[in-house]
Each structure stands twice: as structure tokens, then as C-alpha cells.
Amino acid sequence: MNPFHLLKLITRAGRFAEPAPPAPAADAEHPMPQSLRGSVQVRHVDTGSCNGCEIEIGAAFGGVYDVERYGARLVASPRHADVLAVTGVVTHNMVEPLLRTVEATPRPRLVIAIGDCAHDCGLFAGAYGVAGSVSDFVDVDLEVPGCPPRPEAIVEALRRVTGR
Amino acid sequence: MIATLLVIVQVVVATAITPLLLGVMRQVRARMEGRVGPGVLQPYRDVRKLLAKEPLRADGSSGVLIAAPLVLLVSSLMVVALVPLVTTANIPAVPNDLFVVVSILLIGTVALALLGLDAGTAFGGMGSSRHMMIAALVEPTVLMSVYALSIPVGSSTLSKIVVARGADVTRVVTPAGLLAVVALVVVVLAETGRLPVDNPSTHLELTMIHESMILESGGRDLAWLEVGSWLRLTALLGLVVNLALPWGLADSAQPLAVLVAVVAFIVKLLVAGALVAAAEVFMAKVRLFKVPELLAGSFVLAFLAVTASYLAG
Amino acid sequence: MTAVGGLVTVMTLTGLAVVLAFVVPQRYRSLASGGASMGIGIAGIFTGIAAMTSVPKAVLVIPIAIPGGLGLDPLLLSPTPLGGVFCVVVGAVGAVAALYGIGYAHGPAASRSGWSAFAVFLLGMLIVAAAGDVVSFLLGWETMAIASTVLLLADHAVRPAVRPAAVWYAVMTHLSFLSLATGFALVASTAHSTTFTQIAAAHITGPTGIAAFLLLLVGFATKAGLVPLHVWLPRAHPEAPSHVSALMSAAMVKLGVYGIILLTGTWLPDVSRPFAILVLALGVLSGAYGILQASITSDLKRLLAYSTTENVGLAVTAVGVGMLLSNAGQDAVAAIALVAALLLVVSHAAFKTVLFLGAGTILHATGERDLDRLGGLVRSHPVTAWTFGIAAMGAAALPVTSGFGAEWTLLQALVHGDGRANITLALALPVTLGLMALTIGLGLLTFVKAFGTAFLARPRSAAAATPAPEFTSMPGSAAMGVAQAIGALAVIGLGLAVGPVATGLSSVLGYTGIVTSELGGLRLVTIGVLDPYALGLLALGLALPVALLVLVVRRRVPRRVTDLAWGCGGARTSPRMEYTATSYAEPLVRVFGEALRPTRSLEVSHLAEDHVLENRVAFAQQVTDIVEDRWYAPAVGWLRFAGDQARRVQNGSIHRYLGFSFAALVVVLIVVTLP
Amino acid sequence: MNASLTSSLVTTAVGVLLLTAVLQTWRRSAAGSVRLLVIQGLALATLVAALGASRGDVQLLVVAGVVALVKAGLLPWALGRTATGRLVERDSAVRPAIGLLGATVLTMFAYAVSDPLRGGDQSAAARAIPAGMALVLIGFWILLTRHSAVSQLVGFVVLDNGIAMVAFLTSDGLPLTVELGATLDVLLVVVILRTLTTRMRNTHGSTSVDDLTELRD
């Protein structure tokens, strides 16, 4: 595409990120690790999701909700990650990868279960391929309810961690 | 003695400013994409966080996992110390001869490549292989543009080149000089893994070059790697800027001159970084096997620069 | 010790080594004869040093007494300072290789013939380097050729691949001898003398000179393994026992460079002037082509062999640059280029010895030299890993190893040659720099690949997973480790002492523009200074704060060990998923497809039930030496054809032979009756 | 106008001419090539003007104007009409990298051969002659390695620019009429080829001259 045209588009579009809602109040009984304040690298783990949550995560990291402005970023390797965003029920085949991914994440690390499936298997409860919910295998620090959860909810959960 | 002092100042300033440079570049990009962006100080927070995290070591990985990041960091620091960024003075025993600078850069390159191979994963080896191929194909352009710049000065010592260019403006605008600097810009983009050669913000392993080599490192190892590669960017970008605008560098230890030099350097560097980031918004990463074409193009520019300064100039 | 004394010692020790090889029982033969060979090497070093420093020149005259008293000139061994340099190189490499051989040599290589050939090989090379006249030069040359062929043939019984290699080597090396002999004959007949001094004094020119020059150049280029005469190298080096490969690659090949330097500098300088571009082209092309082939091969020793072609190419490049520059009257820079050539020779001798010895240890431990089946050896073979790593850094010309100083000097010579002088320089210098830069870059990739795939990552085969231990209780197994360590120290040492070394070499050439800088670095007067110590200090100064930071941080957060490398959550990541040496070089094969012409084959067999579903996919890619395929294969084919034709002439029928003699008789009669 | 300014002008113009010619072997989009042609034409005009100014020759200044008009105006316009910004089909016979290196080699060759031709003369103009030769050679190179008619035209124009350049630098400029004639001839050729190209595209969708050997419809 002709750069000038692109430049025109950019200038016309301007800034289309939503204005930032007030920062969530830090809750006292679940304090977040101090060392993660201001910078959180997220590794997304799909343990058997319907991809509804993926779309919402995509939206949360997209231009409109722009969770990056609070210091959260998606990364390619759990070695780089502080937070594992787990979506979907845990299927039999994904049990080991889930455990390995958590093992491969350096401490301090958090596990956020995103969506009802991750919380309590949602509508897939009792399906033949399902091994259980995330909390059955690894201890979950934060849960984002909803099927799928709204991007705002995901953003808020991550803001709890970054504290911005 | 004074030279050593100036060099120390340069290293400190450059190291301190480097995360800001990255922050500015990311911020500019974010704004042009309509996002708010994490703020220019984000890289500082990232590094602080990484230092506070525990590094991992896979059973069966060798000492390279621990050593390579430090080697990269120290080599980058050496480059920062040698390249004329703030001062044109250099430690008499270690003149910033460009061939030496390049080979020290190569030490860092090799450290990264070995790190990629060390874990024995598929992606690490892939990144390492691509990284080394690009490094190998960049080499001719680097030396050729150095050659082109050194001809009018009769020396391959960077500070002499910069001083000479600063002395008379006509040197800067000769076709030869321009071509060489353009070629050098391509080199910098390739060496520091920027677009269109490599995409620093990709999450797709198959498109990675730099990222896929460091997939295995976490915690402080990652911090050293990140800072090390950022410092390379600072040094090379700063070098290009100083070749294009060879003014304001300090050659003596007068506080005022040094202050001016520091400010000038910071401004030049940040502006250049912002420009690069803005340009990157308009670019897509080229296919891996289009990269040699790009490098061949820049090599031809550098070569014409040499021919021009010998025959036409 | 004087040079003459040294030479006498060398000969005595050679005799001793041969005798020991024959009398000492199998168990201690390697120890005894290898020890004697080490002695030869050390004596060679002393001879060389004496020759480099001695004024007036030492001369050893060996009269040839043949019953019937043909008036043959006596053999004249008078090592010049330049020859001294090569004596030192040969001696040092020989000593280290012999020491390694004590532990390494086994089977045929440790046989009577094996060890005597080794000693004679050393003697031949030293004679070449010390020769003062044509006859002794050729004598040494042929001794060297024959002895090395014997050594190469050591394993012919166990490995069939050895035979073709030996045939190639024998043919090429004797072609080289042939062209040398012819060339020397021309020169000597024109100069009416066989001593080098008088040949140099004769200032031969004209067509005879040109013919002689070309013949000698071909002869030396063949021995030096320059493209397109390099074909024997990647075949012979891999098949020879590793300590012999080291000797061949690090010492013998250098004598080709020695010859080229003498030829262009001393014997026929006037003739060779116009051929500067030819020499330069030979060097530059060998460099680029050699390293390109090295970067894509996955056979470790083949890789090292091609990299030898590259390094010799760089040395000859330096010679060519020197010739060009002196043609243009820029003698100071030309001298620097020549010093760079010698530096390259010396440094290559150091690191290539270690590399080949390391390859030998790997072969010894795993029985593999295919990088695609190696890996993870750093854990079982730390000493080899360290020494090989250091030598690989030298080969990649990284600071502050020996290779770095050498290539830095050459680059400085290139950049400071004034291209405005004439059009040839203006075009040759940039092109040389460009190709040389490509060579350096590919060299880097090559040795990262070699070290990374052999020593790092996980074993790619069962053999590599369970290697033989580095040190056994076997007598002299420590010798291998020690030899490698000595070589590695030499690589670093030459890198650190580049100043004194370069100064010494330039004094050999009678050039004074190179001095040792304040801290013992290398200073090219009015051009630049390279100071390894200062660089090291700078690195230390910058590493100090980093080290402090590391100490602080690691006290706060300790390192955790996990069981697996990150494989995307999979536990079943097998070593077969790793990148191999072949896949490492794949991008290059694609980028340089035009130059390499790889042959690829892709077979897809479908399932019987469904022609869409694929049953198995077989992909094969082979990259051969294009020079060999395009040039040598046709020549060999033509020779075969000619041979067949010739055979038709003699079919064993007595009448035909009578016919031949009758025809011959008639011809003779006609000739004699002609007025 | 003082000599140093003239010589630097000449040098820069020559550099631009050479660079644009080399880049022509790199570009694949017709629009890009035409843009480069504009720059090249302007550089040529600058060169002529500089020479005219140095020799105090008014006629040359007029010629410069003509050159600017035709080479930077009419020709690119005519070509642009043909190209209409669309990408030419991947029409290079060799890989772009090879094409570029080929152009470099040709440049070197040009310098090598025309060194005797320029004799001892060290003036900026004389030093620029090899660049003109290089343009001619590169023009041929483009004609050789490209298939599409538009690229052929581009190569042809580059060739012509080279010829014109050498002519200006060696002689004291061609007579006005000759130069005009030559330029107009080129223009004519381009216009004819342009119509031809349009016809080709209409008859069988591509403008690849290879298709002229076999008609498939």
C-alpha cells in the first residue's frame, strides 16, 4: 500500500483506544507479588477451549482495550512469562503440557484461569475428553468468570497483577 | 586519562539511556497504531522485574546457557565504549578501529548463536541458523561501507572519520558518503533484528530469528540478553547518527562541552529511534530468502560508494 | 644450536625414529618412535629459529657420492630466514601431532611403516623448508609426497573409502611434482645453476621465465590446495589418521604457500609482476569457494579440509595484494600485506592442528565424524570442547585469537592501499575486500555450526550419547589431551603476542614498519594499532560491574533446574527434532544455489486406499564439489576413453607387434637417410 | 558560477544517474521504475546545465531545458500511462540479487574500459565518462534480463540516457538540433511501443515480449 495513503489513514484514525477505567482496588487477602508490579509477561495456554476466550483475550490485547498500556505483554515462551493465562477445560492430552508449562515458568509466577470452562468445566463438564478444570491440576491465583469473559474483565484481572 | 574518563561517561550515559530508547521506539509505534502504549519507561520496569525472577536451567543444557548472555552483554558494552557516541576521544591503546569493533560485535553474535543451539530444541537451532546466515551476509556490506567511509580520511578509525566528516560539510553530502551511510543503515537494521529483516515483537516461532534463540532463557539471563541486544542498537544507531550529523561530540573534558555532547547525543539518538520506529509501521517483515536480496542491494550501494570515491569522486 | 646443527640433529633423530619403529615391540612403539618424532619437530623449531636469526647464513653441504662419479652438484641445505619461519611451523606442528599420535595412533598408523613414514614425512618437509637449491628442494618435496601417501593409505584395509582418496592424492601430488620439476628445469637451465641464490641473481625474464612461472605456480597451488586444484584436499584429509591430517593440513599445505612466496618474491619477481592479478584471483576464489563448501558440509574433517583451502586462499590473497601494491609502488603497505600472509600461515598452523586433533578425539570417542550424528560432547569431553572451541574462535578470526590479528593486518593493508594509483587497484581492492568479508562471515557460521552441533545440544545418535571416556588408563591417553591443550594455548598465545610475532616476521622480510606497541600489541606505523592486552583490560573493566551485579542478584534469587528444555509442553521431544548441521546450512544452500547446484530428490508415496493421503515422503539433497563435477569428471572420462583407444593398439597379437617394430625400423631408416 | 560548485554538481548528478540506473535493476514495480526515470532525467538535465554553465554555453542550457522536459516529463508520462501503476509481472530472468550484482560488475567493467578513453584528463566531467558507459551497459543489461515490454522500454531509456551523457561529456555537447532529433526519436519509439504494449495487453493479458513468439488465444 502506498505509504502516503497509509499515513493518511493513521492520522484520520488517530488514537482509538478506550479511555482507561479507574484502576481496580488491590484486595488485601490476595496480595500480588511485589516484583511483578508494572511489568507482566503473559503466556497463554489453551488446554481445550472453544476459542471464545481466545477471541476475548485477543480483544483485550488489541488496540481498543489495549491492556499493554498497563504493562502486560504476551510472550512466546513460559521462560519469559510471569502469568499463565489458561483457557478452556483441561483435556486428557493437555494435562501434561499444562503441568510442564507451569513447571517451565520461573517464580514468582501466577496462573489465571480465564472463562467458566477453566473455572469449573462450564458446559463441557463430564464430557468424555475432559480431565477436569484447571484448579484440579495446578493452583489458580486468579479467576476470570464469564463464557466468554468480557475483555474488560480480563484487562481488570491483569491490572490487578500489574497494579497500574 | 581524560580520554578514559570521557569513555566512562559515554558508557554510563549510553547504558542509562538505552531502555529509554527502546521505550520511545515502542511508544511511537503504539501511538501510530492508535494504542496508548505502556509508556517510555516500560523497559526499565521489565528489566527490574526480570532481575527479580529466578532463572531456569534445563537439565542437560551446558554452561553456555549461563555464559552466553553475559558474553553478549560485555561485548555490547565494549562496543558502546569503543564507538564514538558522546566523545571522539578514545583510549590511546584501544583506538576505535572499525574492524575491531565489528569483530567484537561478532563475539556477541556468536554467543547468541551458540545459546540458540545449546538447548537442543528445534526453534533454537532454527533461529541460530538464520541469525548466522544473516550475520555472514551482512559482513561484506559492513566492511565495504567502512571502507567507503575510510577512503577520504585514510584511516579506518571511527573517531577520525567522524571528526573529518564534522570538519567539512561537503564530506557528508558527497554521493559516496551518502551511499555508504544508507548502506550502513540497512546493516544496522539487519544486525539489530529490526524490520524488515526480523520482527522484534513477533510471537510466531516460525517467523522468529532473534526471539527463537532466547526462548530458553528466563530471569536474569533474559535480562542480560535483552540489555545486551538493546545496547547493540544504541551503539550502531548512535554511530550512524554521528556519521550523518557529526557535530556536538566532545573531544575534551570541559564540563560544558561534555554536557552539550551528552544532550546532543541523547536527542539525536532518540529522534533517530523514533524515526526508525515510525518507518517500521509502514514496513512488513520480508521473507527470509528475500533478505539476501536486501543485503545484496545494500552491498551494491556500499560498493558504488567505494568505486565513486576512487574513480568518480 | 646453529641451523646446521639443527638439521643434522633432525636427520639423526629421523634415523633413530625409523630404527625405533622397527625394533621396539608393538606395545611401546608409539611411545618410542613418537617421542623421537617429537624430537624431530623440536629440533626443527630450533633450526628455524636459528635460521631466522643467524647472520651469516648457515649452509649444510651434502655431497652425493655415486659410484662411477657422475658430476652431480652436492645437496645444498641453507635455510633462509623465510625458510626458517616455515621450519618453525613444520617443527611445531610435527611435535604436537607426534605427541598426540603417541596416544592416538592405533592399528596401521601405529605400525612399523606407519611411524617410520611419519618421521620421514617430517624430515621431507623440513628439507623443503631448508633447501638451498633445486635438487634438495625437489628431493624433500618427493620424500614428503611419498611418505604422506603411505600414511594416508594406513587404513586402506578397514575403510574402502581410503583407496580412491589415496589415488586422487597420489595423482594430484605427482602432477604437482611434475610441473615443479619441469619449471625448475627451465629455470635452472636458463640460470645455469641449481642454487636458489644464483637463480634469483639471474633475473630471468622472457617466455622461458613466463612458462617456468606458470608451471611452478601450478605445482605450488596444487600442493597448497588452491581452487581449482584443491580436489585432493577434501578427500585426503578426512581419510588420513587425524594426527596425520593435522600434519598435512597445518604444515604440508603451507609449503605450497612458501613456494608461492619464494616464486613471486625471490626467484622470478620480474616475471611474476604482471601475474599479480592471477595470484590474487587464485587466493580470493579459493577463500570464498573453500569456506562456502566448508559451511555446507556436515562431515567434520571434510569441513576442516575445505576450511584449509579457505585459509591458504586468504594467505595467497595477502601475497597477491602485496604484489599488486608493490607494482603500484606502495611498498610499505605491500610489506604489511606480506607480513599478514605469514601471520595467516602461522595462525592457521596453530588452530588447524588443534581442530584436526579435536576431530580425531571425537572420532576416537564416538566413531563418528558426521556432525549430523554428534552432539552434547561438551559434557563427556570438556578438554576437547575447550580446546576445539578456542581453535574454532581462531578459525573464525574472533578476538583475541591468532586468526584475528592476522586478518586484521590483511584488512588494514587492503584499506590503506591507495586505489587512486591505478584502475587495477581501484577495482581489485574493493572486490578483494568484499569477497574476503564474505569469506570471514561464512567462516564464522561454519565454525559456530561445527562447535555447536558437535559439542552442544543433545546427542543425535546412540554413538554420540555413549562416547568413550576422554581419558583412559591406556598408556599415553593423556598425551592426546596435552597435545590439544598445547595447541590451544598456542592459538591464544599467538593472539596475545601478535605484536612480537608480527615484528619478528616483518624483520624476516626485512621490513621495519611494524613495531611492538607500548603494551606489547601490534602497531603498524602510521596506520593503526591492535593491542590485545588493552582490549582485554577494557573487557575486564567493563565486566567488573556486570560481575558485581550478577553476584548481588544471584544471592537474592537462586537458579532452578528443570528436567526438560522448553519443547512447547511436549515431553516426547526426541533428539531427532533438533537442528542438525545439514539443516543449519540449509539457508545457505538455498541462497548460494547458483554456485552450489545441489541435487534434490523428493519422493512421495501415497497410501493404496487414497491417492491424497501420503504414506511416506523421502527427501534427499546432495551437494557435490562443483569444480570436481564440471572440470575433473570430464577430464577423467576423456582419459578413460583415451586409455581404451590405446588398449586397442596392443591386442596381444604377435604380428601386430612385429608390424610396429617394422614400421619403426622403416621410419628410422628414412630419418637417417635424409640429408 | 565557480568551478568547485560545478564539479560538485557534476559529481552529484553523475552519482544520482548511476544509482538510479543500478536501482532500476532492483525495482520490480513499473511505477517505481518510472519514478526512478524521472529522477534520472532530472539528474541528466542538471548535468547538462552544469556543463553549460561551466563552459558558458547558452545553447547547452537550452538543451538542458529540453532534456528536463522530455526525459523527466514526456517519457515518464508516456511510460506511466502504459504502466498505470500496476505491478509488472515478475518479469526478471535472473534473481534480483544476481541482477544487482550484474549491474555492479558492469559498472566496474565500464570504469575499467573507459579509463584509457578519458586519458590524463582529471576534470570532474572526464571522471564522469565511465558512469555514462555504465549507464549504457546497464541499459543493455535490463533489456537482456527483463521480459515485460514496459521494462524493455525502461531499459531502452536508460540506454539512451547513457548515450546522451557520454555525448555531452566527451564532445562539447551535441549541436542542439542533433540532440533534439535524438530525444524526439526516443520519444517516438516509446509512444509507438506504448501503443504496441497496450495492444499486446488487450490481445493476450500480459505484456511479456516472450508471448510474441507464440500467440495463445
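Read from first to last, the chains carry the letters A, B, C and D; within each, the first residue is number 1.
To be clear about the criterion, contacts are C-beta pairs under 8 Å (C-beta built on N, C-alpha and C of every residue); 3 or more make two chains touch, one makes a residue touch a chain.
Since we're looking at a predicted model, the values are computed, not measured.
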Co-neighbours of chain D and chain A - touch as defined: B, C
Which two chains share the largest set of C-beta contact pairs: B-C
Interchain centroid distance [CA atoms averaged], chain C/chain D, Å: 49
Approximate Å spacing (C-alpha centroids) for the pair chain A, chain B: 33
Intercentroid distance (Cα basis), chain C paired with chain B, Å: 36
Where chain B touches two or more other chains at once, by residue number: 52-56, 215-216, 219, 292, 303, 307, 311
Residues of chain C engaged with two or more neighbouring chains: 423, 426-427, 560, 562-564, 566
Touching two or more other chains - residues of chain A: 77, 79, 104, 106-107
Pairs of chains in contact (touch as defined earlier), listed by label: A-B, A-C, B-C, B-D, C-D
In the complex with chain C, residue positions of chain A that touch it: 45, 77-79, 96-98, 100-101, 103-104, 106-107
Residue numbers on chain D that touch chain C, as the complex places them: 95, 98, 108, 111-112, 115
Chain D residues touching chain B - in the complex, by the definition given at the top: 8, 11-12, 14-16, 18-19, 22, 26, 95-97, 100-101, 103-104, 107-108, 111, 127-128, 130-131
Chain B contact footprint on chain A (complex, rising order): 3, 6-7, 10, 13-17, 20, 35-36, 38-39, 41, 63, 66, 68-71, 73-77, 79-80, 82, 104, 106-108
Touching residues on chain B, where the partner in the complex is chain A: 30-39, 42, 45-46, 48-49, 52-56, 202-205, 208, 211-212, 215-219, 222, 281-282
